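Down below are the structures I want you to see.
Each of the two complexes below includes chain A, the first together with chain B, the second together with chain C.
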Partner chain A sequence: MAAPVYRASLPDANELARERRRARLRRFGGRSVLYSAASFFTLFAALPFAWMLLTVFKQNADLYDPNHNPFLYNSPPTLDNVRLLFEQTQYATFIRNTVFVSVFVVVITLVATVPAAYSLTRLAGRWGESLGIAIFLVYLIPPTLLFIPLSRVVAELGVRNSWWAMVVVYPSFTIPFCTWLLMGFFKSIPWDIEEQAMIDGYSRLGAIWRTVLPVSIPGLLTVVVFSLALTLHEFVYALAFVTSSAEKTISIGVTTELIRGDVYFWQSLMAAAAIVAIPVAILYNLFLDRFIAGFTLGAVKG
Partner chain B sequence: MSTSAQVVPVAAGVDRRRYWLDREGVLGPLLLLPTVVYIIALVGFPLVLAVLYSVSDATVGDQSLDFVGLRNFRAAIGDGTFRVALRNTVAFTLVSQLIVMLLANLLALVLSADFHGKRLVRFLVMLPWTTPVALGVLGWLWTLDNVYSPIDYAFRQMGLLGPSIGPLRVDNPVSDVVRWLGLGSVFGTGSNVLWLAQPALAQLSVLLVHVWRTLPLATVILLAGLTAIPQDVKDAANVDGAGFFRQLFYIRIPLLLPIMAVAFLYGIVFTFTDMTIPFILTNRGGPVDSTQVLASWAFIKGIEGGSLGEGAAVAIFLFPVMAGVAALMLRLARRTETS
Partner chain C sequence: MAAIEARGITKRFDGGGGAAVDGIDLASTDGEFLVLLGPSGCGKTTLLRMIGGLEPPTAGDILIGGRVVTDLPPRARHIAMVFQSYALYPHMTVFNNIAFPLQAAKLPKETQKQKVGWASGILGIDHLLDRKPRQLSGGQRQRVALARALVREPNVFLLDEPLSNLDAQRRASARDELQQFQRRVGTTTLYVTHDQVEAMGMGDRIAVMDQGRIRQVGTPLEIYDDPADTFVATFLGSPPMNLIPDGASGLLFGFRPEHFVPASDATGDDAVRFPFHVHRTEYLGAERLLYGAVGETRTIARFPANADLPIHVGATSEFAVRRRDLKRFDRETGLRRDQIRGIG
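Presenting the complex of A and B:
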């Protein structure tokens, strides 16, 4: 690399001013490139969601006219489409099923992952980390490889074609992922607090309950959020195991039941998608750093 | 450790069972048991079953596993649609992930700078990853609609699409510039592009949505890597007078390579095994199977068609790539552990 040039004498005032102007120009150029790149990426990422939200409140006569500017409301916005979604479709049923599935999956995930992650970080010694990575890799086994044999498993368990099928199957990806996330949390908690509790006469389990769990509340919350998010994101298993509309969850209910009719009610369809997608995105975004810390396998210590 | 060992006998005097549970050799496996049993039952066992199905004649009607050798694989490979699906899966994965790597580096560069509204931009840019994929793809289905696509409308207003003569010709300053550049009606003289109705464009659309979906993931992984570059390295580069591009090519990219590999591997996992995007966007791999992929073809054969053996045989083709990715991932994890 070139060594910096040292001047023999101090630069005169004119030269300094010229240099400052040049620097300002370069800075302005850099800023405009930065802002245009940011706008481009934002537009690319958010376009379908923007169009989704615009569509929700449009009247039929306004939306279904190719000569109307789609980015404006040519007729006043309306809430009729949202009303139609709740009153004349099974959307409310889909939401109810999704809530049931989510609650069960979150509870099962918590019950399984908290002891497992504790055991792997505190009790398994040097095997813990390797076993933890192995369990995390299970998360990467795709549903598209497993749905055929699992459809048999689900049928044998007698939960085929019911939302219980999802309660049974979804922990197969939430548990591996959340065990790994929690391991990161437990690793950051110092040994001393459990040791102190055990010196004070608590058993190991008592010490976990009274000292480790209270300080891991952010970690437990992360598990709740991600088992919820992964449940809401899932599409393939739900599509493979559930065919009767009364048992469907949102991600398949919206895409298979509402879309199949002869007439597409795009506004209601987009409302159905946006009502779920936006809150999930906000929740996910709050915990994104945790997600990435897990995904980079500890390769990056932030 | 030594302190707890001293204390245990005292506690044991109070309760024998507690003593037994305090032994690490007992408690450790006991706490791990539910998770391991669950994973073996609902991932390990099905994985074995998938292989068994692929060499059996099982159907939804008759689920008994009679060994038929490689008949399912021969039948699958002999099918023209399978070969299209295999080619599409590989092409979608490789092309989309190469584009994603390029764009993710740019986007990570943008998001590592300071500017107004950065938090909002980050939230919006992450949307494709943070929202349920089926619902996001539904948004694209409507955005690329054959008649009402807002993209088509914008193209028409810019003169990129639509007739250049006659009463339907659009005239405004932008379209004048576009025509002067020789780009008038590059997307056709019809009123719509028909993104999802023609094989080539449908493939392009699926590819685009794959890029859209995995770009945020790659970007945040790279961002995490960027923050891990030690400040003194950057300071040293600044003192030495290294400019933006010199720093980019001699410091950022070399130091980011391992984490770029991680992002690339995840991208491969998620695109190679995906069936949601063609299933919803092009209505199960259409038009005429031109966007069919392995995963969706396995679904159509195995679940919808009810021939479990053949479906499983198609899905097995996902396995070598998954195993390769897992092995590479382990190597990367081990390398970072030792360093």
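Presenting the complex of A and C:
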């Protein structure tokens, strides 16, 4: 019996060319969908910022005329609004207070979350995960409910009407959130390396200091930036606990000082927001890759 | 240099279940290469971790060099361990990885440099000292881990399946290197593996473990030729030992596939005969396997590939085992019923 002969029918040149054209078309179609989606979301995210920056330098007559295109300067740009912000409000003080509050909150958060997250992932056994989620749930209680009991705490500590009130209160939401965040990081670090460090001659604390912390720097940075962001945009507690202008942070300072009755100083408000937003945006961008790594690390086991 | 000893070591994990390690007594001699062999989940890694101090035992004592170290933390036991993953510090260069135990011991910088040079020289990785672990191949990582273990000149090496992350080809040469390395430095080594080839090829002695207990301790030859029970008999050897129930004595007859030969080849009257029904033959290059049955029991016979066999698939022929190659096991307990030679 002769062996069967398998012969694939070879497509001719025309057919090949058609096939190639079709593939190119498909690729082009896929690309254009991707790029248009990306452009849409870029616009969606960037437009408010662009509008904010444009508004900062507008004159009142230009801004309040409904016939004017809001994205064009119909009258020449002016620095008057920024000047008003710095000369007629205590914006510099707000910034200083914000920086102080942020630094304290970030430090307190780090000092509390690193041991908390470590012990929940490594030492608490099978309860660790549930405890971590329980701690995270605390973060979900709205400040509009919590500020009433917390006002007692603030009063007892004698920090009413002072930015120290925020240093006391803000960790109540940064710590739960960041503990949960850091747990994901620690889970992704193999136990082997700290056990190895313990075999190699260090105590558990020494092993954590020399192996776990250096490896989780992206996670620690994520904690820093998130507690910073949460501190910067917090409003309810700041409003409830601080009334004197000299103790206010940016988030309540500018809104209480630049909205007088029903008069909104729009351009100065935008200037106040932009001056804070730009450094934060730069900070985020610098560490963007590490944040993404931070969020996915816990989910996917390496 | 020091011997390792475990006395009545038991480990129960919380959350129920039986003991992961169930009252083990095991002692190595000084400078010995002792292999803990067993299927996954038999407790061998747990035992190793307790000896290393990473896991507190529920009961029992660990001795290293005659000193009780049960309550000492890992750093005080002066041991070195190589993990399955090698556990290199990802944020440090190879040099700093190897120097890490020396930094922990606060040795002067000059001494550290000298010792790292010595250890990396022995393992042939002196040209890699500036690299990070992620830039190394699996084999190179393994050498870095060994160099780090060697550099502090420990009393004891604990190795947890250090070859399982290498590909098959590299593993054979790594086995050879690792054994030579151990012979040269002469440090007592406890080596955990589930791979019987590694155990047989490298161990001075093997401790076979199953379900948290040690089933047998002996040289590779003793373990293979004289298994203490049916678990050891079937866990070692590929294909495993044949076990055939004997109606008259109520025992299990055990024999290795290579000892099961046509009756015509078995000399004299010291052979025990079995009718062997052959279902299938398998040609494996160097050897040929005959799959079949004695009575109802699956049985395998092994021959060199070039052996001239007058066997036909589907036929029943008379096969035999020499009496001294036949082991007898209790059918209920699986324990050996005849005399075991040279148990250690």
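The rule is short, and it goes like this: the second predicted complex is superposed on the first by the 213 of 302 C-alpha atoms of A that agree within 3 Å, B and C clash if a C-alpha of one lies under 4 Å from a C-alpha of the other, contacts with A are read in each partner's own complex, and residues count from 1 in each chain.
As a convention for this text, a contact is a pair of C-beta atoms (placed from the backbone, for glycine too) under 8 Å apart; a residue touches a chain by one contact, two chains touch by 3 or more.
Note that the structure is predicted; figures quoted are calculated from it, not measured.
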item: First, second, both or neither for A:P70, with chain B first and chain C second; value: first
item: First (chain B), second (chain C), both or neither touched by A:E195; value: both
item: Which of chain B and chain C A:P171 touches, first, second, both or neither; value: first
item: Touched partner set for A:R126, first chain B, second chain C, both or neither; value: second
item: First, second, both or neither for A:S203, with chain B first and chain C second; value: both
item: Of chain B and chain C, the chain that contacts the larger number of chain A residues; value: B
item: Contact residues of chain A, present in both the chain B and the chain C interface; value: 195, 198-199, 201, 203
item: Of all residues in chain A, those that touch chain C in their complex; value: 125-126, 190, 192-193, 195-203, 206, 210-211, 214-215
item: Complex contact set, residues of chain A against chain B; value: 1-4, 31, 34-35, 37-38, 41-42, 44-49, 51-52, 55, 63-64, 66, 69-71, 111-113, 115-116, 118-120, 123-124, 129, 133, 135, 137-138, 140-153, 168-169, 171-172, 175-176, 179, 195, 198-199, 201, 203-205, 229, 232-233, 235-236, 239-240, 250-252, 254-255, 259, 266, 269-270, 273, 276-278, 280-282, 284-285, 288, 292-293, 295-302
item: Complex contact set, residues of chain C against chain A; value: 14-15, 52-54, 73-75, 79-81, 83, 85, 87-91, 100-101, 104-105, 148, 152
item: Contact set on chain B toward chain A in their complex; value: 3-4, 7, 10-11, 15, 18, 21-22, 24, 27-32, 34-36, 38-39, 42-43, 45-47, 49-50, 53, 63, 103, 106-107, 109-110, 113, 115, 121, 123-136, 138-140, 142-143, 147-148, 150, 153, 191, 212, 215-217, 220-221, 223-225, 227-228, 239-242, 246, 258-259, 262, 266, 269, 273-276, 279-280, 294-295, 298-299, 302-303, 308, 311-312, 315-316, 318-319, 322, 325-326, 329-330, 332-333, 336-337
